[in-house]
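In this document, chain identifiers A, B, C and D correspond to the written order of the chains, with residue numbering beginning at 1 in each.
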Amino acid sequence: MSRAGSDQSRPSLLGDLFESLTERGRRFMGWRAGTGRDRLPPPDLTELGARLLSRRGEASGVVIARALLAAFEDAGPEGRLAFLRALADDFGPDPKAVQAALAALQQAPDAAGPMEALHSASEPRRQELLRRLNLAPGGTAALVRMREELLGHLRDQPELRRVDQDFAHLFGSWFNRGFLGLRRIDWNTPASILEKIIRYEAVHAIRNWDDLRNRLQPGDRRCYGFFHPQLTDEPLIFVEVALTRASPDNVAELLDLTRRPIRAEEADTAVFYSISNTQKGLAGVSFGNFLIKQVVEELKAECPNIRTFVTLSPVPGFAAWLEAQRRDEASDLISPEQRLAFAALDQPGWHRDAAGAGSMRAPLLAAAASYFLSARDKAGRVIDPVARFHLGNGARLERLNFLGDVSENGLKQSHGLMVNYLYDLSQIEVNHEGFAERSHVVASDSAKAAKPVPRP
Amino acid sequence: MSRAGSDQSRPSLLGDLFESLTERGRRFMGWRAGTGRDRLPPPDLTELGARLLSRRGEASGVVIARALLAAFEDAGPEGRLAFLRALADDFGPDPKAVQAALAALQQAPDAAGPMEALHSASEPRRQELLRRLNLAPGGTAALVRMREELLGHLRDQPELRRVDQDFAHLFGSWFNRGFLGLRRIDWNTPASILEKIIRYEAVHAIRNWDDLRNRLQPGDRRCYGFFHPQLTDEPLIFVEVALTRASPDNVAELLDLTRRPIRAEEADTAVFYSISNTQKGLAGVSFGNFLIKQVVEELKAECPNIRTFVTLSPVPGFAAWLEAQRRDEASDLISPEQRLAFAALDQPGWHRDAAGAGSMRAPLLAAAASYFLSARDKAGRVIDPVARFHLGNGARLERLNFLGDVSENGLKQSHGLMVNYLYDLSQIEVNHEGFAERSHVVASDSAKAAKPVPRP
Amino acid sequence: MSRAGSDQSRPSLLGDLFESLTERGRRFMGWRAGTGRDRLPPPDLTELGARLLSRRGEASGVVIARALLAAFEDAGPEGRLAFLRALADDFGPDPKAVQAALAALQQAPDAAGPMEALHSASEPRRQELLRRLNLAPGGTAALVRMREELLGHLRDQPELRRVDQDFAHLFGSWFNRGFLGLRRIDWNTPASILEKIIRYEAVHAIRNWDDLRNRLQPGDRRCYGFFHPQLTDEPLIFVEVALTRASPDNVAELLDLTRRPIRAEEADTAVFYSISNTQKGLAGVSFGNFLIKQVVEELKAECPNIRTFVTLSPVPGFAAWLEAQRRDEASDLISPEQRLAFAALDQPGWHRDAAGAGSMRAPLLAAAASYFLSARDKAGRVIDPVARFHLGNGARLERLNFLGDVSENGLKQSHGLMVNYLYDLSQIEVNHEGFAERSHVVASDSAKAAKPVPRP
Amino acid sequence: MSRAGSDQSRPSLLGDLFESLTERGRRFMGWRAGTGRDRLPPPDLTELGARLLSRRGEASGVVIARALLAAFEDAGPEGRLAFLRALADDFGPDPKAVQAALAALQQAPDAAGPMEALHSASEPRRQELLRRLNLAPGGTAALVRMREELLGHLRDQPELRRVDQDFAHLFGSWFNRGFLGLRRIDWNTPASILEKIIRYEAVHAIRNWDDLRNRLQPGDRRCYGFFHPQLTDEPLIFVEVALTRASPDNVAELLDLTRRPIRAEEADTAVFYSISNTQKGLAGVSFGNFLIKQVVEELKAECPNIRTFVTLSPVPGFAAWLEAQRRDEASDLISPEQRLAFAALDQPGWHRDAAGAGSMRAPLLAAAASYFLSARDKAGRVIDPVARFHLGNGARLERLNFLGDVSENGLKQSHGLMVNYLYDLSQIEVNHEGFAERSHVVASDSAKAAKPVPRP
């Protein structure tokens, strides 16, 4: 067969590919439904990947990238897993290039050039593949979904971790905070975004649109999210804020649909009472730290009367930890008196009985103080994940709130305990360093005072 | 000294830093002018870089990044060069990590894991530094300027090439085509962007605002640019397009201020007559390929009557090449008859004499055909850089235009020759592959016919 | 007291005015809450009106207008009514100017000038007052609310009709269709607008946000509204549209939450199934006519495949009319056979019994045809208000749909009858003229055929 | 011929109309060019007007309005004038309706109802015609152009004044300040708007785009305009503002291209140095008053450091007035000493001679003070039109600036004199009232002091 003929026939690969896609895949590619003629077998995803990395891929990269992502969405769970495994197995570093770079390094073990050449040579080829897939319209969102699927397989397929590292590396670069835009979310925000706020709220579930409006529309409520230019109608993370007089010690009054709003100028405190990530596929890419700090800056500029910035946070690990202490008779993190008092926790509804609740306050807060200030996990870390997040951001443990959340979930996970963390921008650098290097928890005097004095 | 005291004193580093900046640097940071008190010595950029990569940098990364970039802009040419050199020398890969990774690889030379761990270990630390600098507001633009400065030193300081590779790697990721937005530029575009079109136009200089309007406002003119979300008022690249009946063979009629526009619906051809990059600091990050193809898609959707997409392109290397052939008596790329005819080229104004110009047409076009189809540089590449760009994109050499540009520059660089390259989306993949793998130049019959038949 | 002193004291009127407003009124003025000092008596609205029309009002019109509108909102029902009455009594034409103009007209009864001078002289001064009130930020919206209140008093206070005419005249000019913008309302529209769609939907109530989404988000649904630049987050009128294959004959399938959407390109018909005005204060200012026609134009441009534009409309006057015919034994608009058949209508649930419903079809449709084609009210008009609207717009009565709406309300108002009106832009001018001048109802053959042949 | 047949033929009127339009008219209507077939005779504008007011016009108003405006643009100067005359002659009030209303008024001469009915009856029908013309897309702009043409005929055709009054009345309502939006104009404004700033600047001509940028881009410059929603890319009026330290006494330093900008925070004064209307067709509709006051509010909010708001204004009537005084030997508004001194004014370049200019200062400023404070025209008004505007707005005559504008035009119209008017919002109401009722000019002590003490 003549070369020319061969050349001319090849471009039809894309035509064939199109024929082989399902309706769903075609819609992803922005193409209209085909005719009724017989469907071709589905395209080979790995072959498409190789093609995208080839010479030809340079000229028609957008088209192939789009086709591969469409075919991936089409492929069904097994087909998709097969492609993810191919990413791990077939798109690693080029061994020849690595060998050559190693040889050069051995010649000049102390020179900077060869070591850096080794870095380039050892880049897994799937990184370039992912960069090229990102050329497709909607490519970034499709890759975030792809990684979400990947994460679901990591436990069973540890060799996929290598692929995950490359996703994480690229996403860290693409979702660099410099590329994110902070936007206020309020009652003038498009419904298509607001319904995602309802769906993704992870801390205090939003029951319906009235509940949502109650968190967005009043003059003493704010909500902010980070948006990425490529995911225009999806906040990556959002935080809900209440403007109040003094720091609240329970969440029910914040969410009360019948409360009377105050004017923003009357507030002296901003309370971050919920912060939620939305994209599972971006796990490990950190936004929350930047979001809180930038919202503090925004609010300072808008409402100079606000001087205090605190969270009202859940304590998701507390009840489980306390249970373990109670079971472990050797634990000296709770005293015999506390053990005795905690028996009442096993009675459902204990918190509704005023007397019983009153006598629980001191022992429970003392245990909470130990939980934050003394207890550590096997790796030497503070146990509570929410605490690790805020303390790691440089916040201070400010106040322990007895019965701050008496919802079913609040009682279950922390016997109702909630916590305020304080963000003081002038201190966060120092606080963070102490926490990161020495697991030192900066706490207010009142929080420290709740902890029982160790017996001699 | 007590620990607390030490802690409290440290944050003032940023205060001191601020004091040491010039007005210009402070404006970059968005701070107002200070008082008249004595200026501190300028901050140490390298120390700031180390600090940004440290633990502390995690908590206050945005602030340090902003400070470092401000101080860099302030530092003067020598201070800036010193920092660039420090990037090369002090922020390479961590040698210990590389050694450990190498050792692991030797243990299991065929396993995928160690090879990929080696990749991570050998990443120059300046890559992370650049990612963190990008956290600052305006950081992306500042880094693009930083690389522009770096490029100016590469010839003298070859060791800076390592730094340049890291910039190029990161910019390739950050300026991935998936993150660029195509926008039409017209007479409703803000003046702040339009003045950059005037400034950056690299092919046919825009003399003034009237000339600009003539290229943007009429119904048969278009201009499109790629914009990046972080550089909102700067097109990264833009292309100027004329909608015409039939392909034009000279540029003067396109730019004629007095011509009568046609309506877009009457056009059958779109002519890309100028394409300009704007950011020197993004050298090597390729946009033009994508831009032309997306503009073709846009125009197809908007004006279904347009079927032909061509460039009207300069031939910047032709006159120099021809001069070399004439000097090289052994060259068989031009014939003795051509040599004789070309003597007239040395007469200024030869193109204005109808008879003389007439007799120049055939030999000059024949030489041009040889220039594109036969001549190659030492590396075996097509000589003309504009030809390499369009042929590399998969375009076809469509027509050679005698006296297509009789401006002073046009005569000087190519004896007036201009060229049309044809973009046929259904062929570009094949064309590209042939060109990239075998330097095969796809040309129309008419272009090929201009070439003299080789003597036996 | 010196003149200067007097001058200087006067500006404080506005300060006093501010002191006398309630919190609500102040918020309307955009002012912050005052101090705790004693409240002054409320301002005299009529005096403020006179002041706004005075010389002084020219210099500080915006401030006085804002103050008057704030005080009106504050004034309580009686205070507001008193001001509306003052508009009728104290802000009519200037009698002296009218007398002078009449005298001039008597001098030259046939000249154009004096007659037109009379027009100016006889303009009620409240028209200028309303124009000046419109200077205030938010003035237009406040005046629309003011008229809404006014309309509530017209029955009891007929002399307020004069005031209403001036409102209607000014609103007709201010809300001229040339000043309205058509906007698509979809799932990307701000929630603050969408909640108004829920609230104002007047034809088929929207039960909740899911129901709303079902009408906005699918590819075969559209919603459009007219917006005025001064009422930015309030559609004045909106229409809901379904894109279908063939005209639907019942509304339940259109609103079915579980139906499977089609793609817009598959539709051949656009169905206007609900059209709602939102502002009671704009009663009598006609938008619907323009809205439907412009939406037809929009859809023709967007979906060339759509060729038929019909409504699916309720028949709100039918059941009452039929009841009257049944009671009036002399009526020859229904036959004895029909009378007999209609007895079954009194049985609740008659429509659910297949046989019974089947035998009701012919007599009911025949009565419906008479209702539209023959019956007229005392003024000689078609009885049904929805019919008057669409036929007055130039639409054609296209089809009578038996049991098109079996909701409780549908059965009650029209025994389930619904109607399609057809908008054929090439015929609407002729249709309208026939209807407006001769009450001629243009109907399709099928609609006419439903009508029983009159007995000889 | 049957009625139906007649009906069907009529709609083609619009088709015929379209055929009869020129290309320009068709473009106005948004239609594409027709075929080459013979053009019909141009449509009769007056007949179209009658049709638009008719019953039929109600159904197809937008189409007819669009056609009439297109035909008007097409009609040539004579055709347009004929239509304007028809507006005056054929579209006045309906005489029968007026007679009926007069009869009713005579029956009840004191009742409010009949007098107001007379107002409606005497409305010239062209008002409704103009309102319906405004239905067309682009109708408002077309009507503004129509009035501009009308204004050019008023001198020759006084009967057109009646038409002009109706335009003025409607425009007063449509361009009510409540419908205007204030927008900042800066270097990010679209070029299509900026070129209008260049074109319309009426006080200190803008020479080119560099001059424009110098007035918009620096941090101590502002420009604001009023925009109407229907004329989106046309400011109706705009004001140029300089932020300075202290009030400037000459315009050259404000416009100096080489001056060094200050930061906005350093300014204590805002100088309104140019205010220009753009639409001749809106003559008599007053915006300037509102514009200045709103810009004062804007600047107060943005730059609390700015406390003084002044103009730097030309004195266009001064030189002519002074010439008249010099010719009129009986005038006692200038003294014999002044007359003597003013002889030097006849020497070109007098202002460049330091000594000569020095001795001119006192007599010229004294004459200027008389010009503002004492001289009045036959109607008893202040002579200078710019002074009437600012004093009528409630501003104060603050300072007389000798040689404030030594451009050719400045010397010619006012011997170089410029004036500062001060806007003190707390005083403008009182100032305005005094000026409007008693022509009382409020002036600073320094301005008053320049006036010579009258000789006893």
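Rule of thumb we're sticking to: a residue touches a chain if its C-beta (ideal position, glycine included) is under 8 Å from a C-beta of that chain, and two chains touch if they have at least 3 such contacts.
Source: prediction; values computed, not measured.
Following the contact convention of this document, no chain is adjacent to both chain B and chain D.
Compared with chain A, the chain whose C-alpha mean position is the greatest distance off is D. Averaged C-alpha coordinates give centres for chain C and chain D that are 36 Å from one another.
For the pair chain B and chain C, the distance between mean C-alpha positions equals 58 Å. Counting only residues that touch two or more partner chains, chain A has none. Pairs of chains meeting the touch criterion: A-B, A-C, B-D, C-D. Partner chain B is touched in their complex by these residues of chain D: 32-33, 187-192, 194-195, 208-209, 213, 233, 263, 265.
Within the complex formed with chain B, the chain A residues making contact are 7-8, 10-11, 55-56, 58-60, 62, 88-89, 92-93, 95, 98, 102, 112-113, 115-116, 118-120, 122-124, 131, 134-137, 139-140, 159, 162, 165, 170, 172-174, 176-179, 181, 229-230, 289-290, 293, 393-394, 426-434, 436-437.
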